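Note sheet for the following structure.
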Amino acid sequence: MSTPTPPADPTGTSAAPSAAPESTSEQDFSDLRAMYINCTLKRSPELSHTEGIVDASAAIMMKHGVQVEVLRAVDHDIATGVQPDMTEHGWARDEWPRIMGDVLASDILVIAGPIWLGDNSSVTKRVIERLYSYSGMTNDQGQYLYYGRVAGAIITGNEDGIKHCSSNILYSLQHIGYTIPPQADCGWIGEAGPGPSYLDPGSGGPENEFTQRNTTFMTWNLMHLAKLLKDAGGFPAGGNDRGAWDAGARFDYENPEYR
Amino acid sequence: MSTPTPPADPTGTSAAPSAAPESTSEQDFSDLRAMYINCTLKRSPELSHTEGIVDASAAIMMKHGVQVEVLRAVDHDIATGVQPDMTEHGWARDEWPRIMGDVLASDILVIAGPIWLGDNSSVTKRVIERLYSYSGMTNDQGQYLYYGRVAGAIITGNEDGIKHCSSNILYSLQHIGYTIPPQADCGWIGEAGPGPSYLDPGSGGPENEFTQRNTTFMTWNLMHLAKLLKDAGGFPAGGNDRGAWDAGARFDYENPEYR
Amino acid sequence: MSTPTPPADPTGTSAAPSAAPESTSEQDFSDLRAMYINCTLKRSPELSHTEGIVDASAAIMMKHGVQVEVLRAVDHDIATGVQPDMTEHGWARDEWPRIMGDVLASDILVIAGPIWLGDNSSVTKRVIERLYSYSGMTNDQGQYLYYGRVAGAIITGNEDGIKHCSSNILYSLQHIGYTIPPQADCGWIGEAGPGPSYLDPGSGGPENEFTQRNTTFMTWNLMHLAKLLKDAGGFPAGGNDRGAWDAGARFDYENPEYR
Amino acid sequence: MSTPTPPADPTGTSAAPSAAPESTSEQDFSDLRAMYINCTLKRSPELSHTEGIVDASAAIMMKHGVQVEVLRAVDHDIATGVQPDMTEHGWARDEWPRIMGDVLASDILVIAGPIWLGDNSSVTKRVIERLYSYSGMTNDQGQYLYYGRVAGAIITGNEDGIKHCSSNILYSLQHIGYTIPPQADCGWIGEAGPGPSYLDPGSGGPENEFTQRNTTFMTWNLMHLAKLLKDAGGFPAGGNDRGAWDAGARFDYENPEYR
């Protein structure tokens, strides 16, 4: 259930609808780079419904100068495991280290994927495991490698599970160092039960205004926050330096007095 | 499983531990306000183990000038429902509208709570429902009311479930407009099975360096991001104005061409 | 996404649709008792959409002689906490111990509730906490109190989250001793985004064949399994006696040889 | 948090610890077959900590005559997708159809796996997707193929997430037709933060009585319920025949009267 319409405003901060500012062109996002990883189970050139929303979001970014890459994970030979390069651990091939270069070159990461049995796909989980495999590394501020970057999630299914799946993706990404802007997910599902998928004729998906709005707000919020962090020179340093912590710094942490 | 130590660095961005910068005093957070809502099931003055970590986090903030409020939700008569003021919907009492004033006066919100059967407590869920009851309102930028604020989560239990519980809290808060910094949760649990709780003698909780580190990093990241957003005058406007959307603005959203 | 239609049957066990056996009257379930706890946030006499599906399921049971009770939890003064009787822990009132008598008199328990922000309601969580508060007790076989009973879940919302919410309910109930039959949940949600609720005119909810089917199969499976366990004199004893375990029995458990 | 010790027994059904019945040999489970699928990310012969608990559970079953198979999924070439045989959908190899034969020959299925970032592994998700790919098929009663079988879950990690992971596995399995006995999961995690894994020297895992007890009870409950269903000739028919439903049978379902 969503967005109750409150009958009163005890806080005094609500406002009349503002005039529609269609011209948002003053913002310059051209120094940003974004990467969308589509975790569909289907290999190219099969149609991925998830890619429909990915494309809608990416189009907004590209109109504003963001350099965008879309990668379909299942088309690549990504090994199973939680080490940075699994070829050093017995796997014959592993494309992840190369993909990882693009992830780290991007200010914005969006994980997109389908819903199966109400949960994220095995491909989504593998991508998260491989992102995690680099999570022990730090940047030159001593922060984890992903600090200073922002993340979002796109989910499609024909039945049920956007919030469950997004929640897992966004939690995982903030856990390894990404910053999450407001309303950082979007998606589409149909009514309870089997039915058409997002890009199927008559699904109503592309015309769903709620999905359109969430896609738009997510996309803008990702750009805004990425820009803010980039202009700040990354996520602010201080109190989040793993190397310093390991060397004994405690950044004013003290156990409270009890007992 | 946590923080694998990667054997190699294909990206070239990892660094030697930096020197411990204990002096972080140059940052000024004295214009920030933080609120911790403790969602323990136990009413005062019963001991809340969760409050042990709340206090440790709040102490860091206070040392840096942040004005901090800690509220134990179960001590207050918060009505059940999803309307802003439930006294207008048949409930004799509802302290939430008053609490909400403090929430909106705060730049930082931390929801803290226990784990029961692996999940958040009923009090945690009620607090989230009541935060949600204001989620349809907008600020004078047309953004949802909570934009420009940051949020975190603190979880304690004696067995299992920090990530599951935090994930639900952080997802809920970003969904209604909060921004989530990196590593925005912390907590403590003991080994599988019943055992001492965080503040019980011999639990090992307060001495757990992992919990200490996560608490510290979460706290600093909340302060940094709140400061960044405050100095920016709130979350950047553009593409996230609900009033304008409803009035017809689409912020460059277009359905992609298919079929 | 749901129920792929497999193009082949490598196992040889699939079958042509069997003839419709409308006459199922030979089964006698008249010694069974069922309890539905509706965890809507709305107090009577407000309309609960969840109750629409509860009533459909209960009607099937009653037609087959099952004695059914439907309880709306929010109408009752159920205290917060995890002890059997919270009046012994500082609460002025607590209706749970009385409700618990009905729970224990029932062979079938169905927890029903709404979705808020993708998750179970605070009332659902409180009911689970109070069920849990009796989970340390054992029956005269040394099994936990809830052994020999079966459970299901009913979820409604207008957007997203049936599987997430059901999963939490069913997990919690099997954890404390209930047996879960196949396809033990059902529910209804509409397309992504705000929209009509189940009983709203034009929602399509009551006419949704998927919801009807899941409701029907869940209901029958609950009756069948409750009957099977009742006829067996409860869940079979042996290897699940908590008292005996505490007294030293290990029921053939041995640590495997390693190291 | 787990197993509160209730100070009182308002229900009158609690009992003194029964004498330890070590002799449970009267039960005959020799017509049962069980399959454990270990979803570790590590290929043989690397040590799987999860297998430590798998072996402990399997040993109990074998002592009682159950025929047991343990399969490590990552050692097999299981294709990605949700069709029964992915070689018909463009994949060069797919060992799943052969594995599926063993799944269907088993009365008991236990999915075992590790925790990564608080969630199930990508291998666990792939196995669930492939089980799901057969979920549209029915047996000769018109029931889904998995009816009449029982399932459990085993989870290991060094930090946090048993209940979250088990919940997803058990939910998925009941959704496709498995029956879930009481307390159908077990596992081991250590205190919050990185630390030794289950089979590491000094982990305390194998000696953890809570883990031992849950493993034992799960194992026995799986055997009991599998036996009960086997002796009943499968899950009882009536009201759960998909073919008959599709042919128009409604098994006494009627929409309740509203509006």
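All chains are identified by letter, namely A, B, C and D, in their written order; residue positions are counted from 1 within each chain.
Definition applied: a contact is a pair of C-beta atoms (placed from the backbone, for glycine too) under 8 Å apart; a residue touches a chain by one contact, two chains touch by 3 or more.
Here the structure is a predicted model, which is why all the values come from computation and not from measurement.
**Q** When the contacting C-beta pairs are counted for B-C and for B-D, which pair yields the higher total?
**A** Pair with the higher count of C-beta contacts: B-D.
**Q** So the centre of each chain is just the mean of its C-alpha atoms; given that, what is the distance between chain B and chain C in Å?
**A** That gives a centre separation of 32 Å.
**Q** Nearest whole angstrom, what separates the Cα centre of chain A from the Cα centre of chain B?
**A** 19
**Q** Rounded to the nearest whole Å, what is the centre-to-centre distance of chain B and chain D, using the mean of the C-alpha atoms as each centre?
**A** Each chain reduced to its C-alpha mean, chain B and chain D end up 35 Å apart.
**Q** In chain B, what residues contact two or more other chains?
**A** Within chain B, residues 1, 3, 82, 116-119, 132, 163, 167-168, 171, 175-176 contact more than one other chain.
**Q** Thinking of each chain as a vertex joined to the chains it touches, would you call that graph a line, ring, star, complete, or other?
**A** Per interface graph, the chains form a complete graph.
**Q** How about chain A: which of its residues touch chain D in the complex?
**A** My answer: residues 41-43, 74, 80-82, 90, 116-123, 125-126, 128-129, 132, 168, 171-172, 175-176.
**Q** Can you tell me which positions in chain A touch chain C when the two form their complex?
**A** 1-3, 114-119, 157-164, 167, 187-194, 197, 204, 208-211
**Q** Residue numbers of chain A touching chain B in their complex, please.
**A** Checking each residue of chain A against chain B gives 1, 3-11, 13-22, 24, 27, 52, 55-56, 59-60, 63-64, 82-85, 88, 97, 100-101, 104, 132-147, 163, 166-168, 170-171, 174-185, 199, 201, 206-207, 212-213, 215-217, 219-221, 223-225, 227-229, 232, 235-236, 238-256, 258-259.
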